[in-house]
């Protein structure tokens, strides 16, 4: 088809598959952090996003995000995938349908990220409703602002792969969700340890792998911006990992594995918005620098009352924020062909980025707060205390992650 | 090389790797379903397919499937990969060698699927012989019928990525295999529970990921059919997942994780034949619709005498069948450029599809029956009862999945 | 950009991601082999490579490997990624930056492989220092010799994807490392069994998957050499797997799962140097032939005093050596367009390959020996005996792989 | 009162449970153990390492009963756990001096009788 | 000497530990068990297979004590382990005839008293 | 008859087994437990959560023996399990009133003697 490039298409097909894999990867990563009795529930929150958010995206959210509409929100022109076919969108060299599906995987993983704030206690049905509404009213709106022709795009904000709608949105929404759903009953009274650190490590590996599609594909072609973004997605997390090792050493003379896995995520997060805008050596610097605030917050948070259980705020919210601001300083036209930051003579860019931070954090925090308040009016957000003690795998799903035959007596439903 | 497109080649290289990953993914998925004592044996049946089926494919099966031959079976022109080199096949834009290796990964995963019917009791050596023969006499033949210029292709049957040779063939062969190998000794007497549901969930995630190459690559290029198939591979399973959640809720007010993982597979299966032929909104409908018969069969089967242990028939056989028929109704030239279904004015297509169902189910069921009867003449199909009780990991492989040093006394073979 | 092909770029982007995934895959594979108490430490050695080696590569090692320099070592022209941007290198059709990052993933996995020799006893900090120095002084040098314009390249040595700097280098370095670090205290006194064979199997699956990028990408384009290398990466390991099954059967009438996983690795290793140089049927032969010496060494080694714990020498060193020599015999211009081996009329090629074997094995063994001796001067290479008994997860990282809450009493650091 | 320890095959654990429930013995604890007895050893191989494993998986029941229930308990375990092949396991009876129900602090006999279906 | 066996909820295991430590009972072993008592059964479904599971996870303490420490030990477990709901568990006391410290070969009383902070 | 409970280091479990076999004690069960004794505690950190863990992995042997074998059994465990460092573990001996072999229903002495290599 005219205007389509097979190489670009090939790369975005792959990128889409890679981003899709991030969601099971996240399920694994998160499942490792919880206690054995909540393993399946935690993974299921990610799997649910793959189901419900995809359908939500097709039905309405994609349209609200990417149909022209106004400065605040898109229209309904693409609802039910209307007009989403093979002809490329303006300025793109891949089929519109591929763009749609690539973006769908972003919506999915972002919704799945929210689960990190509420594991081990949120009612599964309430979570399902929450992510559907959140995708429509928070995610699609923020996407429209930065990528769909909304006011942040108009302003000149740079966000390569989702510092605004993915990272800051999930992080600050997680904060609100943790406040409204409340802490786990055992929080700060008992040691709530990751039941399987290998899940965490392998999950981090899969996330990093998928992130090459997340950032690398955000150039929507196999051209220079994608290659730059791709390379930076190796370099920045490597730097974060290195600095995290040093911070761990400084604290306790021992490098932790959970810390290493966390560093991978923080590194990938911080480079997400900046990936296609800054040079590789600055990406290394960004990766290293971003380790510090996230590290500090993640170490400090468990001493507070805020049971934002898997630190989505610390890893994604803060990591994304640092990345967004960093662009304002170190963006470089020689690398990105688009805009310079403060250090390269264009201080106004930092202001734009700062506005994006304000807008994204406020909107997502407030939006999530309102949505959960509303859902809370129709159903309890949490499971019963007794269920929380027994674990959500058994009570919400009627299953155990590691079932053993002993003691399980077969029920023959039809009296066979 | 003339006629080769680098973008198309890139995408099919990737697709091949993705499909290859499905087989370890399936090993993981299946290993989660069995009891701990049969974990390795279950995975090894998949790994064996990666070894033996690949060689079988290179030696003879590829030739029987894709060499011209007659309406029923291909010739020996490509035996031992003769003539399989860089020059593209007619109408293709990728090297012949790449087409060969892409198709090899299909043969591998299909053979591996059969293990689902016979886990926890089949003799490993008998299984090895079975999959080699099955690949030659069942799989290669069915492939020839639909994709190699055989009679189903001539008739006008549409099968994008393998409803006939992969899904229905494995499902109905599994039925026959379960009948001939017989039920596990403990079947319907004891609760045979999945020992690790996380394997199932992660396995389902890897399968879905790989399926993007399975369906998305079946356009053999990075063009529109591939993009359509790819998009549908996200949409249909998402719908299946959503409907499965509802069915679970209706049955027991609880959504199950094993159910979610099963839904992913069923969704990917049902869209497999239809992926490049129906529009995205119909893919969503198909995904939703296909959930129902598979759900019903999978819930009902364990109450029968048929120990088709991991429900290959319910997930693949029925899912594939529904998908094949669905094309006959909703195929749409505006999307696929090839043929319309009943709903778009071409009722005859449904008849073609119906013939494909009859042919595929009958041939695979009968073919498998005969092969296993023959193998049964030379060796027992099952392990000894005592071995079944001890578990096949120890008896067939001399290993434990989760070995502990305690009680294991080192044997120093040369008296060191 | 001029000279860049989007299809080639797409494929190398993907290949890079695939090779990157091999390192977590290796971490999983290796973690399965050790005892539970050393699980995290083993994985962390791979994760550390992703962090430190990446940075080392960017700062200096890439330059030493690929900057022109002299016959022995490259210059500092590309230190700190100087001059590494979008313009392709001579004769390439992908951005230089992409070439850089693709090669980075090779450096990472090679360093991670070394951990196999020293698991369960090496001090983590000593390992960190070791891999940084090794990457600079051993890996970068060997890369320069074969791929960076060094003397082996000049001579005419063929090494498609790393028989010299990756496989033989890691294998023979592992030997030296095992000698210098010494055997585990319990070695040959107790049964040291793999604590999770599923990790090994899944890890092998991920490694094989990634290896398609490793070998398939080494053509640096989506052209014929890549396709050949890709196809051979399915065929050769399949043959190794088949022969390994037979060897296992011959030894003990039972096929082992650990053996199957090992065969996958050996098969991928042996085809690595030869992937783009020999025809597919020869690849099958190579895969089968290479099984034998590796099998023999891996079976025999544990009866010796040499605790080269995870048999990096047997799998990578010997596998790579066999592959390198095989090229000298069966390389075929009709397939590779470059050179013939002895069997096709060019006996001198075998001599070149033989020189490469001598150079690679000697340099890596001696280089590693010297480096570890030097590091041993400033810090102990091993953990204390008591720590070794307790396990390195707890002592080196302060974590357990499978933590349980019971008995873990929360420390409230600020007296909350 | 006695403490009855029964070691049975894992695949018979359910039968033992059902047979205990049928005899109204409803308070019990069980755990996984590995046992060595008259069974043959098996050989396992992991790469070049060959080991002899003399242990089989078993399930260990621990049941506190009052004197009157003792025989019934033993019989239930024997009945549910027997296959007739070597390796069926053993039952051990140990004197029990005191039993306390943690929930109420009740001691002795009362403590070994579970509360029916209560919640 | 007595051997005290305490079966408690896993989520109370830490409280029991802390309460034992506070009372200077520092030698103990614990393991995971599954228990059946007066608790309600739960139903689980895996595809078409439905099962009734009557077992709950518990933690089993095993503590050898000299006569003088017996009551203290029982009290500590009761105190740390009680929630007041069905399923809190049981304590069993069994006579202990001999105790040996493997490290030294010391027998009886001495063996049940741990060495403080020694290394 | 006595029930001997031996708690040893996991890394010494094999030595204990070998030493028991050598002394013809061939019926036994073992399980994994966690123990607290005189050993030092360790600190673990998971992100911002720091915990003190006072438990070490141990292996628990449970061996029913007739009176005559008692000392031999204890000696075997001590011999196989000793390293001389704190944490070697303990042996407890409890009176055993009855032993039943499930396969045959045989009681007492006979039940604690395994059938040699039979099957």
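For clarity, chains are labelled A, B, C, D, E and F in written order, and residue numbers in each chain start from 1.
Basically, contacts are C-beta pairs under 8 Å (C-beta built on N, C-alpha and C of every residue); 3 or more make two chains touch, one makes a residue touch a chain.
Just so you know, these numbers come straight off a predicted model, no measurement behind them.
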Message: By that same contact rule, can you tell me which chains touch chain B and chain E alike?
response: A, C, D, F
- prompt: Touching chain D and chain F alike: which chains?
  reply: A, B, C, E
Residue-number overlap at the chain A/chain B interface, same or different (half cut): different
- line: Comparing contact pairs by residue number, the option in C-F, A-D or A-F matching B-E for over half of them is A-F
- request: Tally the contacting C-beta pairs at the A-D interface and at the A-F interface, and name the larger one.
  value: A-F
Message: Can you compute the centre-to-centre distance for chain B and chain C, using the mean CA position of each chain? Integer Å is fine.
response: 32
Message: Between chain C and chain E, what distance separates the C-alpha centroids? Give it in angstrom.
response: 49
- prompt: Between chain E and chain F, what is the gap in Å from one C-alpha centre to the other?
  reply: 17
Message: Two or more other chains touching the same residue: where does that happen in chain F?
response: 11, 14, 17, 30-32, 34, 36, 44-46, 49, 51, 54-55, 94-95
Chain C residues counted as touching two or more neighbouring chains: 5-8, 10-11, 14, 190-194, 252, 254, 256, 258, 303, 398-400, 403, 405-410, 413
Message: Which category does the touching pattern between chains fall into here: line, ring, star, complete, or other?
response: complete
Chain B-touching residues of chain C, taken from the complex the two chains share: 5-8, 10-11, 14, 18, 35-36, 188-198, 201-202, 204-206, 208-209, 212-213, 216, 221-224, 226-228, 230-231, 234-235, 237-239, 241-242, 245, 252, 254-258, 260-261, 263-264, 280-281, 284, 303
Message: Could you list, by residue number, the parts of chain C that touch chain A in their complex?
response: 1, 4-11, 13-14, 16-17, 20-21, 23-25, 27-28, 31, 39-40, 43-44, 47-48, 50-52, 54-55, 58, 80-81, 84, 86, 94-95, 97-98, 100-101, 104-105, 124, 128, 199, 393, 396-405, 408-410, 412-414, 416
- line: Interface with chain E, chain A side, in the complex: residues 186, 190-191, 389, 394, 398-400, 403, 406-411, 413
Query: Considering the complex alone, what residue numbers of chain D touch chain A?
result: 10-11, 13-14, 17-18, 30, 32, 59
Query: Taking the complex as given, what residues does chain F use to touch chain C?
result: 11, 14, 34, 36, 42-46, 49-55
